[in-house]
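Some notes on the structure that comes next.
We call the chains A, B, C, D, E, F, G and H, going by the order they appear; numbering starts again at 1 in every chain.
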């Protein structure tokens, strides 16, 4: 149900979808409503601003923005909202190094919470951690996720050892 | 009053203090209680874990961790807590490139919200944004901060123009 | 006389002034009117947009934008105007590599004409070349500049040889 | 019609053609006459100079030069003409980082307007922006291009949302 | 026979197995008992610590740890043991540069003996060199290995020459 | 007493002494006899080989080699001995990145145990860890060192907290 | 005829052959006798030295050495001969950046004439240029090669234009 | 005596003199006549060509060219002469990485013999090695230089040991 979206997943181009939909999948698995949209900081600046405003009205509390190259999307979103913004640097001709530096090296005053190159899943998990601070049910689901993550790594490790 | 610390500011070495105390100053200016500690992921792993546990008991909701070189501090903190962790890559012999990559390139499951090299102030502002989601008074202070930031840049710009 | 400014020199912070005023000096030496302003893509996005609009109304034909780190200024200006935008990546903790990549790696549709790190003089010279296409007097001054540049290098070279 | 070419698209080797012909396509779509030629700064320096002179006589107002590796083509063209020169760094064994630095880091006096790695389309768009300053019909076509670009991104975004 | 394992080969994820099993192969060819395990510094920190303790009890004298991205595994192992730790930086989206810097740039007090990117075989050979200091039979096998290595390179070289 | 040197500390040039003597200091503090020598892989290859042979005759069990730029010293030592070789990449015009890559990226068969840029102290500590495997008294001193290291970090941390 | 080899083409591993045989082809096309050999600076140092000595006795005047990763081959050859040594950095996991820096950043006293990554053909052409200084027939062949190179680029360019 | 100059030392700007005059000093110490000149590939292309032609007429057999940033000087010289060209990448805002890549990554057909960043002395020594191939007296002086180099390193090493 989009109506109660708490996270907005934005990306600079629809070619970014295969990477960024990992964020949506993770959010869905945590039952965190999200809206997702393609909006370029450079090609559709005005539309992007209206999207941000609409997202805030719909109840969005955290933004996730993925972009590659001179990746300004997360920074531009951060400059237009007071909410936390998580940046996902996307792979590029320079292996994402340009995307990473363009996303993370923000000036004093306007931070972007940057995660690893192409790691949209971690952006969603960070959003979950942030929302969990004021949502005990979500916090419980996240705690279970981490416990399961640990268990599955150990189970695989043990299965391997007993071969 | 440290008793109600909501943010823990950790750093890998006391030589990191001049950079990391900017985070404390910002938090103080927002009236966000914080505790700060030196704890090395490599030299004092057990002490670090006890610090994290104690911080959580004291009410900390967000961790900030600054380290340089093979900067594992933020990642190790993130592996020991369910709370959001903000990483500050610190300058180094390689200008902080090693610190940045060691902090941001976390594997799926355990994100670190990375800010710009040496930008401890932005780490604190990101913590403020996160805490503001469930603290209206703080949200108001942050809104004022952003308004003032905008105004001061514009004021300086206008002063310059009218020379 | 600002009234007939043909080039706008923008910079992200007043700490960028010592580098960016080289652009103003060069433009002045070519008798090209310019306006210069501090406006941050991130801290004052709305003010920046109003500045761009006002600059266009005042007759600006070319924008020069200098910024460092996650240097979005030139890209944001380019997304808000149809005029040519010249980007100057400014030195940074990473020697300007982040500024360069953030400025030059623009996506299809919105180019930024990027010059060398900290080379605000060249940004101004490029603006002069562009304006010279429809201003014969300026073209003549630029031709003279290049002739003088060549001569002064050769003169110095010869002076040295005859030592 | 080559006779009224306003842009010359030069490239260092015919293996660069698949990338550089994007520039020709864009120029053609804007009805900007262009001539295109292979000419190596290193293998055919004299031929390159004669090409530049002939291009100027034919009415060329802007040069676009694409090259990879130790990419000197744009810089050499810039040293032989007073017209604006746009450089396209081409992909290489080092992902185009060498091409980018060789193209953009020009010394004071001789700028090259550098665009993103392999982004020949943006080089053409920049040429269009420059020529539009003194060609109202072209300016109108460019304005329409930008409007269409914005619309198509938004249309795709909306189509996606209504799925 | 795992019971007398002298080397522990750890890796951060089972996707690292194809690279890291080269270490096991080399150790086996030297008749050096080893145990191998998947254990993530970030996803299973407690399990990793118990693994390290158990490995020490089983007689392990040298640790080999391979990880990619923000590769903290070797550093975390080094912080939990007094034994020598050899780090293998694994290939990544950034070609292993992030893994290399995260592994090698350790702070004073806690070294990690880092080998080349993806070169698990060399990690094993380094372990063999270390263990050879107090095991004459192993030292003899290593000496033979080096002699054979030299011979096989020369044999191939000569075969080629006489073609 | 040089006669029972167990570690040889080699460096490519006497300008490397200020960094490399940290290794000697650490070794001395652990009562590990060492010999130190300047020997360039490139300028004195034959002398270097005779040094290595003499060092082995004197009882050296571990080599430490520090060099900068195209830092071949550690690799050349590793090719001439069967003993473990620890490489220290030294700072350079490229901040030690060239030294690091030249030292660590060794081919299969001939590993170099590389430590952080300029971190000669860690090279010595790694040598101590290696020698401790067959020297209980040294192992005890190293255990004490690590305990003291942990304590001193915690003591400083606590002192700071109680301010 | 190997007997009058004037250039020795060395490579670190037989996997380097597909790249390095380009050097042999170029030398053959200039009728410059060459010998080629696989010899690792690290795995067969003594054999390498005997190869260098034998090559000198056979009349070799220029060495070409290609290697990847921690590419010490050219430097080691340069340290063992008084003749000019040309280094070819070979592609690697780090795209040849490590090979390039390991080859070119030689210390004062022992230069290596480094050519582009994987450009064995240029190494051969440089050898031809060097040998041409005292061989008029070869100089004439090289002059013809350059003339033909220029012509073929221009011919292709003209063919394209007249399409 | 300039009349019998065998090496031409060119540099892109007179600010390069402090580095490049090391080449002249070395050549002088080997009694190799040289001429030195400032000539920019970009600012004085025609003058540069006339300089090259004049140098050849004066008997120059080897060119040395030092430049920084988008360092095209060596490549441009190489495209205008059939003689061997040695490139010296000069330090820059990017520590000389841009200069190095611009100098070394030459395309097939036109090699530049590149030495280490700022290492003008090695450029001169390489020129001496090349000229020595057809000048026995010079070869003898170079052999003595190398012997002395070795001796002085060993003497310093021994002096240190006997302290």
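As a working rule, contacts are C-beta pairs under 8 Å (C-beta built on N, C-alpha and C of every residue); 3 or more make two chains touch, one makes a residue touch a chain.
Fair warning: this is a prediction, and the values are worked out from it, not measured in the lab.
Enquirer: Show me the overlap between the contact partners of subunit C and those of subunit H.
Expert: Looking at subunit H and subunit C together, the chains touching each of them are D.
Enquirer: Between C-H, G-H or B-E, which repeats the contact pattern of A-D in over half of its pairs?
Expert: Comparing each option in C-H, G-H or B-E with A-D, the repeat is C-H.
Enquirer: For subunit D versus subunit H, what separation do you get between their C-alpha means, in angstrom?
Expert: So the centre of subunit D lies 35 Å away from the centre of subunit H.
Enquirer: Could you state the distance in Å from the CA-based centre of subunit B to that of subunit D?
Expert: Centre separation, subunit B to subunit D: 44 Å.
Enquirer: Using the touch rule from the top of the page, what residues of subunit F touch 2 or more other chains?
Expert: 13, 40, 43, 69-70, 94-95, 97, 104-107, 109-110, 112, 116-117, 149
Enquirer: Which pairs of chains touch each other?
Expert: The complete list of chain pairs in contact reads A-B, A-C, A-D, A-E, B-C, B-E, B-F, C-D, C-H, D-G, D-H, E-F, E-G, F-G, F-H, G-H.
Enquirer: In the complex of these two chains, what residues of subunit E are touching subunit B?
Expert: For subunit E paired with subunit B, touching residues are 12-13, 40-43, 45, 69-72, 75-76, 78-80, 92, 94, 97-98, 101-107, 109-110, 112.
Enquirer: Which residues of subunit H touch subunit C in their complex?
Expert: The touching residues are 13-14, 35, 37-40, 43-44, 46-47, 69-70, 93-95.
Enquirer: Would you tell me which residues of subunit F are touching subunit B in their complex?
Expert: 91, 95-97, 116-118, 149-150, 153-154, 156-157, 160-161
Enquirer: So in the complex, the part of subunit E that touches subunit F is made up of which residues?
Expert: Residues of subunit E touching subunit F: 61-62, 82-84, 86, 100, 104-117, 119, 121-123, 125-126, 129-134, 139, 142-143, 146, 149.
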